[in-house]
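Each of the next two complexes has chain A plus one other chain: chain B in the first, chain C in the second.
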Partner chain A sequence: MDLLIILLTLGLTFTTGSILEKNHFKKIREREIALVKKPVVSFGKKLTTNKKIKKVEFVTGEVVISGDYFKNFVSAFRNFFGGRMISFESLMDRARREAMLRMREKAKNADIIVNARLESTMLNTYKEANNQIPQVAAIAYGTAITYER
Partner chain B sequence: MILTNIESVPGMKITGHYGMVSGSTVRAKNFVKDFGAGLKNMVGGELKSYTELLEDSRKEAIDRMKLQAEKVGANAIINVRFATSAITSGAAEVYAYGTAVKVQPIEG
Partner chain C sequence: MEQQLPMNDENNFNYNYENQINIIEDNVNVSKTSDIKEFLILTGGIILIICGIFFMSDLAMQVFLNNISYETQVKIENSLNPIKNTDKKYNEKELNKIAELENIQEKIKSKDEDLKNFRKLKIGISKDKEINAYIYPNGEIYFTEGILKELSTEDQKAFILAHEIAHYKNRDHLKSIGRSILAITVISLMGMGNSEHISKIMYSIYDMNNLKYSRNQEIDADMYANKIVKEIYGTNKGAIELFKIIDKKQNLPEFIHYFSTHPSPSARIKLIESNSL
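And now, the complex of A and B:
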């Protein structure tokens, strides 16, 4: 009986998790294509420019994305045998790209975002209970610059 | 108050330094939302209530940092950075820090 419940939960969370992930990746790609002409760079700490500057703004974007029961379950095996944990790679990827996109969407009218940085943390990992389903929190931040025309 | 995370404010020159300023906040959601997030945690996807929590925390940390900078008489904060940590599940700390400076526009 217990096994049946576990199998059912696994089946259900596998379906929901993969549908949600697929849709999310699709949306991320669409939004990235829409923003392709707005550059984001991770340099510019010592920015020097001859252009006239209209506006300087600090922009951030944040998101919390959770893994699912199924991913957590299969990753336990992967952790045992070693190797790439593809299910968690996609989770981190989604969180970071989503945070980045939210930041860029806030700075839609700016010409460039310089010194973009990403910060991430896990919200759900204790040392005592390492069987928790991971939740990734990502913050993206940078300086949006608008030039005078 | 102008905030940047680069070492200058483009189009302005720095006339005074006031040292480092920082602001931090630890926030938690109520148990109802924690329960909802727990369910969402099983199926996967974005945890919207936690995203809001993170947004609020970030705003508050920045506000506290700004307040500190205003007190010392600065009008801009440069080189702003974030550090985050998870205290317990359902609570997040956001720490913002930067250097308070006085800037004025470059003429000509």
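And now, the complex of A and C:
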């Protein structure tokens, strides 16, 4: 009986999880293509330009993404055998791109974002908790620069 | 050294956006393998490991228990006495029934040379409505009140008793407990106890293995009991009738018996009938 409930939950969370993930990736792709002409660079200190700078702004984008029951389940097995955590790769990718996109959308009117940085962290890392919820928080930040037209 | 960089000026910054879009569409950071494939491969691995542990511990117990002497077996049985009080107080009716069963035990013993030097097994009655009889690892045979109600003739009682004595003779009662102790120790030591769900799954797989194995033991015991009862009473019609009654009382669909420790009553009737020549 326990086994049946676990299998049902696995099936359910796999379906919902993959639908959500697919939709998220679709949206991410659309937004990235829309912003493709706005450059983001990771350097900035040694940058010079002839243009007059109108505005300098600090922009950030954050997101927290959690794994579903199915992904956690598979990852627990993966913990045992070792190897690439395929089920969490997409999670990391979604978090990174979503954070990046939020930062870029915040600087919609700017011409370029320089000194862009990415950080990631786990939010709940209690050692005591038995059922840790695997999630990833990604933070993107940088300096948005707008030129005088 | 400072560098001059073209900055998002469409006149002199002729960037290949096609290429950029292709990179967005074709993501290298996420593996192409689907989660479900990963899940199937890993679960298959776990099942293989558990089956391996099961068969290894089973083999170890078989080798160990098949090679010990009867004296050692009795010593192990005595060390396995349950903590609960086994000296129950029975009323006169129950004492009569136990005495009758003990007489049958003597009859069975006289038919099999191998049983001659075996000690007299203690027989008890448990207050349980379920139709069942079982042997404890310490060699005590218990009949439930439910089964005693159904047993009408002496050959039926003899069949059930011979069945349990066959388990005793094959040392099944020790094998199953020994195997469980060994396998569960190994599974717990593997450190999979971290996740509640995973350990649940692992024990379920282990239980499935146990059931199939247990059914084989039951078939062996049935064959033995069938042989003995026929030697004493000449026929084994009583057992067939008994299983028919049990089948009617349980009234379960056939597939449920796949998850049961015993074969289905109809399968057991077939087994007895096919060996009645």
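Following the convention adopted for this analysis, the second predicted complex is superposed on the first by the 144 of 149 C-alpha atoms of A that agree within 3 Å, B and C clash if a C-alpha of one lies under 4 Å from a C-alpha of the other, contacts with A are read in each partner's own complex, and residues count from 1 in each chain.
Note that contacts are C-beta pairs under 8 Å (C-beta built on N, C-alpha and C of every residue); 3 or more make two chains touch, one makes a residue touch a chain.
This structure is a prediction, so every number in the text was calculated from the model and none was measured.
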(request) In the superposition on chain A, see if there is space for chain B and chain C together, and answer fit or clash. (result) fit
(request) Could you say whether A:E32 touches chain B, chain C, both of them, or neither, answering first, second, both or neither? (result) second
(message) In the overlaid three-chain picture, which partner chain does A:K46 touch, first (chain B) or second (chain C), both, or neither?
(response) both
(message) Just checking: does A:F80 make contact with chain B only, chain C only, both, or neither of them? Give me first, second, both or neither.
(response) second
(request) Kindly classify A:K71 by the partners it touches after superposition: chain B alone (first), chain C alone (second), both, or neither? (result) both
(request) Pick one for A:T146: touches chain B only (first), chain C only (second), both, or neither. (result) neither
(request) Could you look at A:I6 and tell me whether it touches chain B, chain C, both or neither (first, second, both, neither)? (result) second
(request) Determine how wide the angle is at the CA centre of chain A between the CA centres of chain C and chain B, giving a multiple of 10 degrees. (result) 120
(request) Once the two structures sit on chain A together, report how near the CA atoms of chain B get to those of chain C, whole Å. (result) 14
(request) Using the superposition described at the top, list the residues of chain A that contact chain B and also contact chain C. (result) 46-47, 49, 71
(message) Which residues of chain B touch chain A once you look at their complex with the stated criterion?
(response) 2-11, 37, 40-47, 50-51, 53-55, 58, 80-86, 88-90, 92, 94
(request) Quick one: which bits of chain C touch chain A in the complex? Just the residue numbers, please. (result) 1-5, 7-8, 15, 17, 20-21, 24-25, 27, 29-31, 33, 35-36, 38-39, 42-43, 45-46, 190, 192, 194-198, 200-201, 204
(message) Under the stated contact criterion, what part of chain A meets chain C in this complex?
(response) 2-3, 6, 10, 14, 18, 29, 32-33, 36-39, 46-51, 70-71, 73-74, 76-78, 80-81, 84, 86-87, 89-90, 92-93, 96, 111-112, 130-131, 147
(request) Report the residues of chain A in contact with chain B in the complex, numbered from low to high. (result) 9, 12-13, 16-17, 20-21, 24, 44-47, 49, 52-53, 56-58, 60, 62-69, 71, 98, 114-115, 117, 119-126, 132-133, 135, 137, 139, 141-143, 145
